[in-house]
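Okay, so chain A shows up in both of these, paired with chain B first and chain C after.
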Partner chain A sequence: MMDALHDVLAPFGPQAGHVRGLWTLTLAVCTVVFAAVLAALLVALLRAQRAGAESAPDLSSLGRPEPGRRRSVIAAVAASTLLLLALIAASIFTDRALARLSTDGALRLEVTAHQWWWEVRYVEPQVADSFMTANEIHVPTGRPVIVTLKADDVIHSFWVPSLAGKKDLIPGRTATLNFRADRDGIYRGQCAEFCGSQHALMAFFVLAEPPERYAAWAAAQRRTAGEPAEGQPLRGREIFMRSSCAMCHAIDGTSAQAVRGPNLTHLASRGTLAAGSLANTPEDLRRWIADPQQVKPGSYMPATRLSSEDMDALVGYLQTLR
Partner chain B sequence: MNDERAMQQQPGRTPAPPHLKDGPGPGSPEAAALDATWRDPPGLLGWLAAVNHKAIARRFIVTTFCFFVAGGLLAFVMRLQLARPGARLVGPDLYNQLFTMHGSTMMFLFAVPVMQAVAVYLLPLMLGTRSVAFPRLNAFAYWIFLFGGLMLYAVFALGAAPDVGWFSYVPLAGPDYSPGKRTDFWAQMITFTELSALLEAIVVITTVFKLRAPGMALNRIPLFAWAMLVTAFMVLFAMPAVMLASTTLITDRLVGTHFYNPAEGGDAVLWQHLFWFFGHPEVYLIFLPGLGFLSAIIPTFARRPIFGYTAMVLALIATAFLAFGLWVHHMFAVNLPELGKSFFTAASMLIAIPSAVQIFCWIATLCSGRLDFKTPLLFALGFFFILVLGGLTGIMLASVPLDLQVHDSYFVVAHLHYVLIGGAVFPLFGAFYYWYPKITGRLMSERLGRWNFWLFFVGFNVTFFPMHLLGLRGMPRRVYTYQAGLGWDTLNLVATLGSWIIALSALLFVVNALRSLRRGAPAGPNPWGAGTLEWATESPPPPCNFHAIPVVHGRDPLWEPPRAAADGGPPPFTHVGGLAAHTRELLATTVLDARPDLRVNFPDPTIWPLVSALAVTVLFIGSIFTPWAVVWGSIPIAIALTAWFWPRRAETAVHLRLEQGP
Partner chain C sequence: MRTPPLRMAGTAVLALASSLALCACEREMRRFETPPDNRAAPRPEAPRTSALQPAEARSDPVRLPAGNGEGYEDNAYNVAQGKRLYRWFNCAGCHAQGGGGMGPALIDDQWRYGSEPAQVFSTIMQGRPNGMPSFGGHLSEDQVWQLTAYVRSMSGQLRKDTAPGRADALQANEPEAARDREPARPGAK
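After this line comes the complex of A and B, so read on.
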């Protein structure tokens, strides 16, 4: 997932695109103003005579006004004011363009931020069609998305630079964010509001896919976890259920139904672990389960001490959760 | 002081002691008596009892500068940690303390107080008087500030520093997510420093309004004094908001009120409104004194009076008003009504206009002046590059759509350092070079000064310019680490290298300041040929500042000698005499025209402000642990304050003798 896009200046949706346009205009105006002010200063420095502390001050300005200089200053202030008014207008027009994103047939998501991971709930008209995932958001390319934002503990902020500006998730309040991805791709997002010791490792990914691939993914996500094969996977599930795993995590279709940590029903289908902290490989999964504090100090996940065989079995089982 | 009897023409008269009156010129018996009267008592006890504004201000400046260095070192460690992806130099717990301490130190223990400290030193000298108003209160404010700062660093040394940011957003800073006492220490540090800042604001306002030399009407006040006056009024309106916020946070944490707990009807966003209603004006509390420094430095080194004095004053006042109307631009990512946000966009952008007015007036001054390129002017010119760039990125942040992309990213880190370092620290360094000879009597080395400037300028840009790009590439603020391969590695490394250059530059400054104390060239009263009153007296100034209170005839009193009346009438007044030399008597003047108004008796040095500050410190720190500290702690405070204000027979007798009937 390391090649994921996360650049304000490389937008792949209308929301980030509008902002990019405003950025280009504002940057141009600001560059011209910056150059003009520095040029004026440079001309002033070059034109002015040189003197020392001993030379008498020039008091000629006391007796008579300086109409020429006054005109220049007034003209410069007037020009600055006009440019500022233009930028205010451009900003407000961009705001309106952002608010006008069509949400016809939008996909509805509910994102709840936790210290330090993202709970994602796909809200479908049929309750049975709704499903949960974590830290990874799949969306169909070209279809608008309405994200309802909530926070469970402290304030977080939802930011996918290549798709849209950020919005805070605040306990006790609900916010919404609309966006659309216009090109297939993986877009990286990260929490932007300081939220405690692991604020730095609280990433997520938005995967924009062709509608049919999205539909297939969603269908797979709606399924509950299947019965594991005899042998190692089955033993892995037993270990999961009797160790501390099941006290925080849910695997739909099993007796593990806790909601403290991410829902693991389709863990193996995700690209990363621990909110983008690790790649989802068997080795990293072992590392993460064995000692989360090594990877993400302060994380609420406790270390799970298992024998090597038990760990193999547990990881083997989790690998089947596709 | 009534009528002409008090107004005295040069040369002074020589009445006999004990009714010795002040008069011009050092060396006379009057001068010796005045110096003895205004000098702080000797010895350690005398040092602790000092109330002379210069003594207090020197300590204040040195203290704030120590905090500046400490805050800078914290930032330096952060830069080392961020030099490479996934570095393990410091962990998240320490890193979060580091950035919290860095922000809190720079905002509360350096930027605002250093400006007030410099003002406390300079204002009486600039305004032509012998003391700040309320000198004991001034001493008390310093001690309170010192104890608050020391408390914060003591808990940092113990490994229990606050770790939820200098803004302490709830609920993260609330009792549920920040157990322990860390956040309480932060909140109580706010109480200390804001109390000090409020008291200093009262000192500054009263000094500027009532203690100006006769003739220094409001339209003749040096622009630095205007800047500090406006700043002090802003303090009066801004600081109560954050004291309210921090106090309610403490009660939430200590006694279970629920101001900020949404589950019990409180509101997390309320904190943000209160904090930023203070927090944004805070930026201008730091910026306006910087503008004041520039308005002192630029005319001196352009060898002409400032262009557009009236416009400059109005710009300062306009900035102060607008500064209170744009706090929401820190909260654009909160779901507030969109139309309301547009108002704050407009206000945030329009505040650029008063700043533009001042910048253009300075350029006009430079353009028509004859320039003397000394180190203070270099720092002033550095301001133009850095602050204008920071101001322009500020205009970008004022726009809601742009802000939503770069808010809380490294772009903002770059912006705020361009504004605060460009707008306040560069002018402040210029001010150090400019007024150092006044304070110490010796000039700082020009050669080291130039190295100091160029290294700082280059190091600053190398450190902070790449952060704009980091923000645009999606790097959020306040992260203790980042993963490799996100495109942030090189820029972060460059920023860290830049921080080494800044550190070297700061080291040169310290070396220069310490070396020049002994080895600097003697400065004389007016080494720069400047026009304001502080340059009229010796360097360093005598305890009484002026042996005779000057009479002011123009905006740059040393440049504009008194003019005789057109009809060849009597020669103009140059000084006021007639104040008692054997006791601390001062001339108060009217607010608008600075006509002689009253003779005021100023208090003598005393230990009680220090004792009161200690008592208050006990209450403040005790109340972190138990609400009962407020009850029991108020008893020693009451005793100390009573002793402070208890009238002394001898003093009263002297004052009664000087009293004149109407």
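After this line comes the complex of A and C, so read on.
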């Protein structure tokens, strides 16, 4: 499986940095308040009058009003109000800082969440340059990214802790999230809104790469699937087209054009299968195709019964989709 | 010593409940062997009646069903699988949740191409003119029988104890098990 960062406290971009700053401030304020409350409690306990075990309980306090502690109560209320106001101000400033990220020359992505995978469309000014992928987002370092977020079925939430805060994807609405990755690396993302039985297995990866490597990757993604070599891969493609695979998946450059499941044009170039559920190895791919319900119960992919040779051919073909 | 009447009544209720529970045996029994009529056996073939097909249009004939889907409709597991497949294979894309959309409704009493399991099976395998794709070969016959059973449950053709009583996902209409049977009016438009 991919080795990726998934850490709110280790920001690798300005947006996650702002969120971390607010988190640190809130933690500091809350720690001070917590310590002060405990100290006050301790003082009150130590100063309380104690009676001996045998003496009658002193009920005299019931008869008179509470002793004058007005000054300390007023001071505590004032301090709480000020600290809360300070946190509100910090939150507003963080929000403004998040909104100030420059989006000049930004890369535009459209992410649609499905139960339980992520559809990713790279939107380029030239329609012919746009392309689709799934569960794996490559971005160039240092360049802002504008992600348009949509949901296909239920509410999901897009969250890459090392790069930005969460943003909900709500069916029928469009949200946007801007971020920038300043250092190259692999950052793990995860659906952060409970969305059904496989919510936990709905991960994705953001791969931040130097611009020239990103450009090479994007150019490769724009290519359609090539003609497979004679023999096993050719047979595998035939099986793909003739079985239930082609009913849901698309492979650009072939007659399989369904958009129900993830686009598989460059399946073999991706690190994981089924939204981070399995490593993308021939063995796991085979296991996944043979019985997805065993790997990810409830996922919308039925088992495909194939003979051992047919499965080898199919997996062999899918391995060529780089 | 006499058994207190309350305890006797309790035992009787328990015995009755246990014997009732036995009635539900085999309701969800699963077959892990592919049913015989799925295996290659000489069976009449029929041409596809729709050029619409996933990916490349196939011209090979489809095999017509042997029998009437026995063993599928009286098994809650198979009907429930059919319900999942209905969603997974996006039947809802055209037929919605049975109310119809681009394709005809499936919860009413109108069956353009017949309401019998074997007829529904052929409709899915061969396709039908004006839009219904031919799924023969893309789906296993097992899956087509499961889908057939579920499609028939949508208009209350199945027994209440095997029709689905709940849905895995959002469903706007009442559970299939709670629907009244729509007497089939074949050919009605």
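Here is the rule we use: the second predicted complex is superposed on the first by the 302 of 322 C-alpha atoms of A that agree within 3 Å, B and C clash if a C-alpha of one lies under 4 Å from a C-alpha of the other, contacts with A are read in each partner's own complex, and residues count from 1 in each chain.
Everything below uses one rule, namely that a contact is a pair of C-beta atoms (placed from the backbone, for glycine too) under 8 Å apart; a residue touches a chain by one contact, two chains touch by 3 or more.
Keep in mind the model is a prediction, meaning the values are calculated, not measured.
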item	value
Chain A as common anchor, with chain B and chain C clashing or fitting	clash
Touching partner for A:298 - first (chain B), second (chain C), both, neither	both
Chain A residues touched by each partner, larger count belonging to chain B or chain C	B
Which superposed partner A:82 touches (first chain B, second chain C, both, neither)	neither
First (chain B), second (chain C), both or neither touched by A:52	first
Which of chain B and chain C A:159 touches, first, second, both or neither	first
Which of chain B and chain C A:258 touches, first, second, both or neither	second
Which of chain B and chain C A:216 touches, first, second, both or neither	neither
Touching partner for A:246 - first (chain B), second (chain C), both, neither	second
Set of chain A residues, in rising order, touched by both chain B and chain C	115, 153-154, 196, 298
Residue ranges of chain A touching chain C (in the complex, touch as defined)	115, 153-154, 196, 240-244, 246-248, 254-258, 260, 298, 300-302, 305
Sites on chain B touched by chain A in the complex	91-93, 96, 163-165, 169, 171-172, 176-177, 262-263, 267-269, 302-305, 307-308, 311, 333-335, 338, 341-342, 345-346, 349-350, 352-353, 356-357, 359-361, 363-364, 366-374, 381, 384-385, 388-389, 392-393, 395-396, 398-409, 471-474, 476-483, 485-487, 527-529, 531, 554, 556, 559-560
Contact set on chain C toward chain A in their complex	34, 54-56, 58, 84-85, 87-90, 135, 137-140, 143, 168-170
Touching residues on chain A, where the partner in the complex is chain B	2, 6-9, 16, 18-19, 22-23, 26-27, 30, 33-34, 37-38, 40-41, 43-45, 47-59, 61-62, 66, 69-70, 72-73, 76-77, 80-81, 84, 87-88, 90-92, 94-95, 98-99, 115, 153-155, 157, 159, 161, 164-168, 170-176, 188, 190-201, 276, 297-298
